[in-house]
Every structure is written in C-alpha cells, then in structure tokens.
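Please find one structure pasted underneath; my questions will follow.
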Amino acid sequence: MRSLLPILTVVAAIITLWYAATVWLNSQWSYDQAARAGVGISFSEMVADTMAQERPVLPAPHQVAQGLWQGVAGQKITSKRSLVYHGWITFSATMLGFAIGTGLGVLLAVGIVHDRAMDMSVMPWAIASQTVPILAIAPMVIVVLGGPPLNVPPLFSKAVIAAYLTFFPVVVGMVKGLRSPDGMQLDLLSTYNASRGQTFWKLRLPASMPYLFASLKVAVAAAVVGTIVAELPSGAVAGLGARLLQGSYYGQTVQIWAALFAAATLAAGLVVIIGVIERATLRQMGMAR
Amino acid sequence: MSWLWGAILFWLAAWGFNAWLARQPVAKTRAVRLFVPALFGVTLLILWEGIVRGLNVPGVILPAPSVIWGTLKSSVPILWGDFVQTILKGALSGYLIGCGSAVLTAILIDRSPFLQRGLLPVGNFVAALPIVGIAPILVMWFGFDWQSKAAVVVVMVFFPVLVNTVAGLAATDRMQRDLMATYSASYWQTLMKLRLPAAMPFIFNGLKIATTLALIGAIVAEFFGSPIKGMGFRISTAVGQLALDMVWAEIAVAALAGSAFYGLVATLERAATFWHPSQRGR
Amino acid sequence: ADDVTLQLKWVTQAQFAGYYVAKEQGFYDEEDLNVTILPGGPDIAPTQVIAGGGADVTVEWMPAALAAREKGLPLVNIAQPFKSSGMMLTCLKESGVAGPEDFKGKTLGVWFFGNEYPFLSWMATLGIPTTGGADGVEVLKQGFNVDPLLQKQAACISTMTYNEYWQVIDAGISPDDLITFKYQDEGVATMEDGLYVLEENLADPAFEDKMVRFVRASMKGWKWAEENPDEAAMIVLDNDETGAQTEGHQKRMMGEIAKLTAGSNGALDPADYERTVATLLAGGSDPVISKAPEGAWTHAITDKALQ
Amino acid sequence: MSGPVIEAKGLGLTFQTGDGPVHALKDVNLTVEKGDFVSFIGPSGCGKTTFLRAIAALEHPTEGTLTVNGMSSDAARQARAYGYVFQAAGLYPWRTIAGNIRLPLEIMGFSRAEQVARVEKVLALVDLEGFGKKFPWQLSGGMQQRASIARALAFDADILLMDEPFGALDEIVRDKLNEEVLKLWARTEKTIGFVTHSIPEAVYLSTKIVVMSPRPGRITDVIESPLPKERPLDIRDSKEFIEIAHRVREGLRAGHGDEV
Amino acid sequence: MSGPVIEAKGLGLTFQTGDGPVHALKDVNLTVEKGDFVSFIGPSGCGKTTFLRAIAALEHPTEGTLTVNGMSSDAARQARAYGYVFQAAGLYPWRTIAGNIRLPLEIMGFSRAEQVARVEKVLALVDLEGFGKKFPWQLSGGMQQRASIARALAFDADILLMDEPFGALDEIVRDKLNEEVLKLWARTEKTIGFVTHSIPEAVYLSTKIVVMSPRPGRITDVIESPLPKERPLDIRDSKEFIEIAHRVREGLRAGHGDEV
C-alpha cells in the first residue's frame, strides 16, 4: 500500500503525457479534415477534435477507458462483444498452455540437472528455439495440429503455442534453482548416504522454490502473449487476440487499445496471483521473512 | 517407412553415444562441449528428415531439412538482404537504443525510491502489453521501414532491462555500502565504483533476455506492414505462396542469428563479470 | 448428414454471406449436409489449410490457387460465385496521381500473403518495375487497414470495393478527394472468391456428390443474399464470433458484394479463366505462373448442381 | 570390532585446479582408536578440513590407504557411520529446527514415532527444548550451531566429525558447549574428530591432538593427552594443561615457519 | 584538539523492527582519549557492532549525545576521520587486491603516484607484497582479512575501527597480526576501537577494555589496563595479564547470566 501513491503519481504523469501526445499525433488529421472541408479551425477546436476522433492515431485515455468499460460492463459477459468473454477464452488457453509448459520445463530441468548428456546438449537448442519467430510458426502449428489425423481442438493448439513460450523461462530458472544448494548442503546428505531421489525431494526441490516462482511470473506473462499470438491464425474467432486483430482490420483504434489493456491486465493479474501464491508458499516453508 | 525407422535408430544411437561421451573424462574439453550439442542438433535434423520422408509429409506442410538447405544455399542474396533489413537495421538499433535508455532510466530513477515504487509496477504492466497489439500501432506511428521495427524492439526490451538494472543497483550488501559511507564517498563515486559493477550480473541477465526479444520483435513487427524486404515480410509472404522451404530458410537464419547474438552477449558477460561466482565456477 | 468443412479466405463478413445464408436458411440441411464454416484471417493461407486436410473446400482467389497448383498442390476450381473482381487501388487526389502513368516514383500499398499476384501482373503489364526508384514504384506491404493512406505513408493503397474503400470514406475522406483504379476496368481483373478442392478428392464419387450438393445449396444461398441483402447482412452479423463487425458496414458491404456476384450462376466462365491466366502469365521476367495450367477447373460439379 | 576405527597410511590428496595441482595432504599417517577424541589443529589451509572430508568419504585420497572400521571410507559412509558437523551451521532454511534434525532420520528410514522421540532427546541435549518449531533464521548463530550438532547426534553414528563447530561463538558460550561435548563423549563412547583453531580448546577436549602444517598439508606432531577423562573447566589452569598447550603452540609455530 | 576523541553520554539506540523495538544500546557512557586502544568485548548481540557503527555515523543514536573530535559523528565522517575494518573482509570482487586498497584513495582524490606509493606501503605492512594483482577470491580468508586491514590503513584516518577483524584466523596468524596492530598503533598514535570475542586478545591489545552485556546493550565494566605500551607476546603469562583476563571473564560471565 506504501506504493499506492507513487503508482498513482506515475499513472497520472503518464496520462498527462498521453493526452499531450493525443493532441500532437491526432492534430494532423484534424487540420487535414478542416482543409478538405475548406474551413479553418482554431486551436481549441482542434484540441477538442483530437479527443473525440473516430479513428484516432492515438486514442485519448478516456476513449480507451470508455472502450474498456463498454467491453467489460456494457454487455452481458456471455456476449461476443464482451471483453470478459474474450478474456475468458484467452485465459483458459493460457492456463492450459502454462500448465503444459511448466510441466515440460520442470521435467527438462530435472533431466538437465541429473544427466550430463542432457545438460550439454539441450541448453543451446532451448535458447535457439526461443529465437524462432513464434508468429511465423504459429499458423503452421495450428494447421498441422488442427487438421487430420490429429484433429486437436483449437483450445489445445493455442495452448501448445503458449507452452512453447512458457517452458523456456521455467527451464532456465529451475536449472538454476535445482543447482542452488551449495556444496555443504549436498555434502551433508552425502554423509547420510542419501539416494539421488532423496537428495532431489529433500534438498534440490525445496531449494529451487524461490527460483521457480521467479520464473513462473515471467512464464505466465509469456503464456498470455503466446495465446494471443496463437489466436491470430486460429481462425480468429474469439479471444483477446482475435479481438485485437479485428480492431486492426477496421482501424478501430479504440477497440485495439481496449483489447490491449485487457490483455495486459490479464497478464498482470496472473503475475500478481502467482506472487500471492509465492508469498504464501515461501512463508509456509519458512523461506520468507 | 524405412526412412523413419532409420532416423529413429540413428537417434537412439546418437543419444547413447552422447550419454557415453558426457561420462568420459574428455567431456570437459572444449571440443567435446561443442560436439555433444552439435550431434544433438544433427540428430534432431535427421529425425525430422526421417519423419518427413517416412510419413510422406507434403512439402507445403513441412519441408525436409535437405530441401530447406537447398533453398538456403540458392537464396543467399535474398536472405542476406532480409538479414540486413531486419536484424542489423531493425533489431540491433532497437536493441542498442532500448537497452541504453533502460540503463540510463534505471540510474535516473535510482535516486528516487518514490519513482521506483511507482514506475516498476506500471512498467511491468506496460511490459505485459502483447507486442502483436503494439506493433501495428508503432507501424502507424513510425512508418513502414525499419524505424518502426526498431521502435517495437525498444518497447520490448526496455522494461526487462530496466527492471533488472534497478534490481542490480540495489544488489550491494550493507557492508559494501557502509564502506563507501565511511569514506564519505559522493553519490556518483558510489555509483561508479560500487553499484554499477555490482549490478553487472543483473544487467547482463536483462541484456540476454533482451536478445531473443529483440529478434522476435523485429520479425513480428514486419507482419504488420513493411517494405518488401525483411525476414518477417518474407516469412509471411512465403507462407501465402506456400513456399514453406523459404519460410524455414528464414527461420533457420533467425535461429542462427539469435543464437549468435545471445552467444555474443554471453561472452561479453563473461568478460565483464568474471569475478562473479556463477562465472568463476566454470 | 455428410460433413463438409469450408475454409473462408478472410474473416466472417458479408463477402461470404452466401455460405452463412445457406447454413442459416437450412439450404445445406435440405441437401443433407452438415457444413462447418471456418473463418480465415491475415495469417491463414487457405491453400495450406486444405493441403493439411483441415478443410474439404476453400474460398480462394484464382491467382493464389494457380500459383499453389504450380507449387505442387493440385487445386481445382469447382465453382465461381463471383463474376467480377472487387479489387482496386485507391489514391488520394492530393498525392498527384491521376492515371496509371503517374504511379512512377510513388509509394503504393499492396497486400501480400498470396494476394499480391494481381498487382504484380498489372504492374508488369504497365511495364513499371516494383523495385522503387524514379522509374518504378515503391511497394509497401500494407497491413490490415487503410491507415497508410490516411497517414499519407502511401499515395495509393489496395482496397476492395466492398470493404476497405468504405473504411476510407468512413474515416472522413470524401469520394471527391479520392481516385480509384478498378482492376476490372484496367483489364487486368483476376477471378476472386472461387471454390476450390483437391484434385485427388474429386476422383471419389461420394466426395463429388457431396460437392454437387454443396455448390447447389451455396448458390441458392448467394441468390437469396442478393435478393435480401439486409437480412443476409444480419445473418453474417449473427455468425461473427468476434463481435467486431457493425451492422451499417455489413449491410453496405452486402450491397457491394451483390454487384460482384450478380453475373454468376456459379459456373466458371472459361473466358474469365483464360483472361486470368493470360494476365498472370504476362508477368514479364517474373510471371506469377510460368505456364498455362491444365485441369485447374472443372464444370463437372456445376453441371450437375445447376441443371 | 577390535582394530582401529580410523587408519590412514601414507595418505595423499591432490586437487587438480586450473593453476595446477594443489597438494592438500601428503604422506599422512594416523591411527585413531575407538573412543578417541582427536583434535586437528594447524594454520589455515593446512588440510584439516580436507582430511576430515576424506575420512567421511566426501573427498577421495589420491595416494595411500584409508580404512574406517576396517572397511573403505565409502563403505563406512554407506553403513552410515558418520555424523558430520560443518563449519557453518548449514541448516536448511525451509525446515524448522525439528525438521532439520529429523532430516537424517527420514533419510535413514526411522519410524515416525522414533523420529519424534529422537528429535526431542537431542533437542534437550543441546538445550534447545521448545525451539523445535522455529525456523533457523529465528535463532541466534550460536543456537543454530547447536541445532546442527543436534542434527549430527540424532542418529547414532559411531564417528562424529566436527569442523570448527564453535568458530563463530564467543568464549563463554564456547566454554559451555565444550563442556557439553565432553559430557556427551564420556556418556556415549563415540569416536570424535574435531577441527579447531583454538589451542586451549584442543587441549581441553582431546585425548589426541594432531598438529598439522601446510604446503603440502602433513602431520607434524601427534600429542597424546595425559589429562583424565573427567575435566572440570579449571583444569585449564593446571600444569599439565599449560605444558601440553605450550607443546602444541611450539608445534604450530614450527609448522608456520615461512608462512604469514 | 585537546578534548576526548570519542565521547558518548547517555547514548541509546533503538531499532524499530517488525516485531517491535529492539534496544540495541541503552545509557552508554564512554570517553576515549587520543591514542587509546579500546577493546569491546561481550556476548553475541550485546551491541558491540552497533556501538562501533554509531561512532562511524553508520547508525544514528536515538538518545543521548555522541561527539567525535568535538564534532558530530556525521561531520567527522565527512572529514574522513575513520578507517573501518568490517567483520568479514568485504573486498569488492571485481577489483584486484591493489585496486581494493586504492579504492578509498581514488575517492579521496589522492594523486596517481601517491596512490601507487601508498598501496605498495600498506601491502608490505600486512605482508602481502606481490599479491596486489590477484583477485580477492584467489586468496585465502586470512589474506583477504589482511587486505581489508590494509585498505583501512591506506589513508591516514585518525580513528581506526575494527569489528572482529581476526575472527576467522588461526591463533598463530592472529598472534602475529596482533603484534602488527600493536606496532602500528605505537608508531602512528592512532586511536583504535576494536571488537573481539577473545579475552586474551582484548587484554593483550588494549589500554581500555569495555565489557558489555545484552538486552538492552549496555556497558557493565570499563577496565583500564596497567600494561606498558611495549608488549611482547609472553606478557600473556604475566600476573597482571592473568588478573585483568580474570576480571574480564568475571564481567562477561556476570553479563551472560540468563543467557546461553
């Protein structure tokens, strides 16, 4: 709560800048329109116009807020025009992908930590995999998974893309975490003649928890991005990604920005939720003070 | 079918060989450390080739690596032009501007805990804006050429680097700071001699994440409008033309460039943070 | 009922009203068909979807279909509900473009992703290189919307008579400030929005029969849509899952679409086909297709469907 | 089991490092009988820790032989012969004090009831009753160190190895813990290996004081203590005590030689 | 400058923590004259470090007054009156040993030539010639600690504050460094504040021994040492020495009371 005031201040500053930018970026259009209509407009008329254009280059904050309000509260949440409806679709694919990606990432990390051959071979390729432009392969993944003989439902295809972006931060963080016990902690178990399994469950896994949570926060935001990217080619029927693109086709800038903010809110909310789980877990484990 | 089984057999053999090699004392040598992942990569390619040939996957769905290699060889001028447009102009300039301004911003807000507490959560929120949404807007603002791609990259890399740098600047321990206090060192002296060096491991963490982000950002931004060159342009156009071999050739270039970029930053990191336990271990 | 999956070229809009009408009005049911309509999008190559087995039949433009055929994907046109091309180049008068001869040295926005062929053929016909410079035109890969024109980043952009053109108008630019070049009028029209299937599937009599019924019902839907444009637009709106379309825009689009489908009973006019092929072959040093295709269309379906 | 508990013959241990080999131990000969309390003393880097780790099979000698209870040190480790107390407490921060002490018991498969009973017992032994539910960071450094000793005592290992367990404590606390260790040793007949930097501590505790010197690490003197098993704190003012302490100091000084 | 160097009157320092206030120091009165060697001894947590930090203006008293050289501790810090040696060496890992020692010189604006000369001099003083180009992690703990002492000596601060500088070292090295510190002190007339856990060390070094006790941290005894300024190592066997040591031990034990 200590940070509420600073956040509000920063937000206020951003909104002020934003309004200024709105006037600056949209004025060209106002003047052009006036010129086409053959009338002159005063500065104040221009400013008023930039706040209320239908296709602004940059919509004013209140226009975006209105769009968001319209999308969230202005409809039944089951309506296809509701951001809650589209957000839910994105959310469900995100969570599925996040679960798959996290599971895969943890498994890979366990493999890397316990098997030297995997340690040496997997990491460079995991890095390379993340340099592949996801937007380029997403359509192919959708086509291949969605068609016969696999006939995977779109929810799952989207989740696969989300998982692709999720697994990497999890692998990196988890490898670091599983390797975080120092020599003394490992030696202690060695004097007990503990097995590899016991070492994993009683030392490596608990020691990795702070690292795991740090990566999960990065990963869940990545999963949202992955889902949205995957929603573009999946037939663009529903989800925040589809909504974003549709706004784009028709130059409905306000709709784009509203969807954009909804997506960022979804991601930020998920990060916060993981933060809460993190704090609870670590406190339970005695690792947070 | 024999192709498929052959590939799977090769895979198992290579896996076994790698596992054996990793257990040998020579595993620590540089050559083996390069060879093992290379063999792993070759195995993936052969498996891919085997699946495509063995299952008769049509080329318009997934071309075989051999076909992609052919396209790669015969299209060097196109690929080079795209590489210059997207990586050198778009990604690299955006990366430098974005990372540079992020570090500077971190130093600027460092003196004000108030700004930090306010800016970081808002920054995290902005960083969560999906680029597929931002890219069209920036293309609208900055035009179709590489400048808008660089802008997308700046937006993408700015916050990860900022957050890491701010965390890094706070990463000194109390004793290290107290030492400076007993010298009655000025703010800038403390910054230059203690906090920036101590922040380096964190900053490089951010810089490494930013490499892959920069690449993805530059390529993806081209999907939303571009001149008729660039890797993102080529990929989307080639998909429309069912020239999947070209698509994969570009993806290969992207992966190669991305890995090289990452490797370069990792090398710089090793040079700059040689003193950090994580670097000393090896 | 027999299952049919139809892949559209673009998102749910009045451009595809006939199919939605046929579904909603029960024309497909009457033919004992269970039709699934998959909307397209900027990242969906219908040719790739059909190659991957994701659809039985797809709505595609003929240049892309013929190019895919040359790439080894044997697509066959089984019906052609659209008679005329709706594609045009829309320019701001203030950019100084009055006729095709003024294109030189200007920046033009073009759709890619398989939609660039008509433009490239036209430029080849005009003898204008697309590589920039004073004698050529600077080409931009245009995004999804008409912003490049509004922001004056391009002198002209690609538009469809039924869609993007009206977005320019809606944005507040009056038709008087615009100058348009319809591909149809420039003599370089290529066929749009035909129905394509894989050649090997046609060999199967059951599939052929399914397609006969599908085309018959679809054409019924198209004719119904032409006669009841407003109701058709509303049906499209009901089927838009994104909730992004607006009633006004769709009703107007339906009106424009009706003009393009007007002259067609569903059967491909071989003359139209020949003209398209000729245009595509005229690409100079870099033609869209290198030789006239064979077996790229058939009347087998429409003959049975429309008798 | 009549032979010596620990027997090292011509023991050598060389680390291969980036800068070339480091001879941590060279030609070390030592025999420890059951019930001995052996202190290792010597300047920093002389190989005390390395030797203790070699005994516990945490390092492996590169020369010579080392037997523990008549078998190899690895076999002894598998037989769970060792309790080891590290220089720093090294408690797992995610486990309570009781949880930390229970750790070896869980690993060695003691029954739940037995675990609870033993944890109670050793907590009392190190004066930490009532602190079982606390987390390590809620305790002072000295209490943590005692918890880590309790952890090593919880399962009845024959051999207790302690690497400077009291390095971080102040003299008063140290005196008290020294008395406790002596009592424990007298009661249980364990064999104890103990590394320290403090001469009085070494003399006070041990039946055998091993003086080491560095580069390469070797044993320069082994002093058998004539002190009785029963040792009040003021034994430190006795003549024998001061004599032994003097001999140890001389040995240390000789070993230092070039150093410092 | 005739008055006392350090003067604390009714000093109190309370930390506000999540669990409520911690009274680290309470009603502390102490006068230190120029050239004094003051040792602080007392059980863990009695506020020794806190008091030293308060003198160096790293903490600020919540009650009472504290003057250093007749001015506030903050002013003294700005006048660069302090050399501080922390409990752990605290060298910057990205600087070489020489670079670490040069650090305060750079900050205080010494000329390049002066920097080089001083680094050479103090390296020799702590027996680290030739190690200037090494990085901290390439040195043993004892050498690191010596480097950190060199760092505090490099600029001629009037007041040298050392917080258990030899805690991690073995007795022999400790003895040697004790002698060095004494020599340095005799030569330079510095005022030294020194925290230790070792009674002999405190007695051996100091002109004044401050015994503290915890909860709240306060001074229970201040012992003026009658030992001469010239102190050979074997002064530790003298009667006066043993007497003072005894008095310190008694003071400590009294302060401990409930503790341990």
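In order of appearance the chains are A, B, C, D and E, and numbering begins at 1 in each one.
Here is the rule we go by: contacts are C-beta pairs under 8 Å (C-beta built on N, C-alpha and C of every residue); 3 or more make two chains touch, one makes a residue touch a chain.
Note that the structure is a prediction, hence the values are computed from the model and not measured.
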Output for shared partners of chain C and chain D reads A
Ordered by label, the neighbours common to chain A and chain C are B
Strictly by count of touching C-beta pairs, the top pair is A-B
Cα centroid separation, chain B vs chain C, in Å, comes to 38
Per the C-alpha means, the centres of chain B and chain D lie apart by a whole-Å value of 50
So, in whole Å, the Cα centroid of chain C is separated from that of chain E by 86
For chain A, residue numbers touching 2 or more other chains are 57, 135, 139-140, 143-144, 232, 245, 248
By the touch definition above, chain B meets two or more other chains at residues 61, 136, 140, 223-224, 236, 239
Flagged in chain E as touching 2+ other chains are none
Full set of chain pairs in contact is A-B, A-C, A-D, B-C, B-E, D-E
Per the touch rule, the chain B residues reaching chain A in their complex are 15, 18-19, 21-23, 27, 33, 36-37, 39-41, 44, 61-62, 114-119, 121-122, 124-134, 136-137, 140-141, 212, 215-216, 219-220, 223-224, 231-232, 235-236, 239, 244, 247, 250-251, 254-259, 261-262
Seen from chain A, its contact residues with chain B in the complex are 2-3, 5-11, 14, 25, 57-58, 115-117, 119-125, 127-137, 139-140, 143-144, 221, 224-225, 228-229, 232, 240-241, 244-245, 248, 253, 256, 259-261, 263-265, 267-268, 271
The residues of chain A that touch chain D in their complex are 184-185, 187-194, 198, 202-203, 206-207, 209, 285-287, 289
Note: in the complex, chain C contacts chain A through residues 11-12, 38-45, 48-49, 52-54, 143-147, 150-151, 167, 170-174, 177, 240-245, 249
So, in the complex, the side of chain B touching chain C is made of residues 58-61, 136, 139-140, 143-144, 222-228, 233, 236-237, 239-243
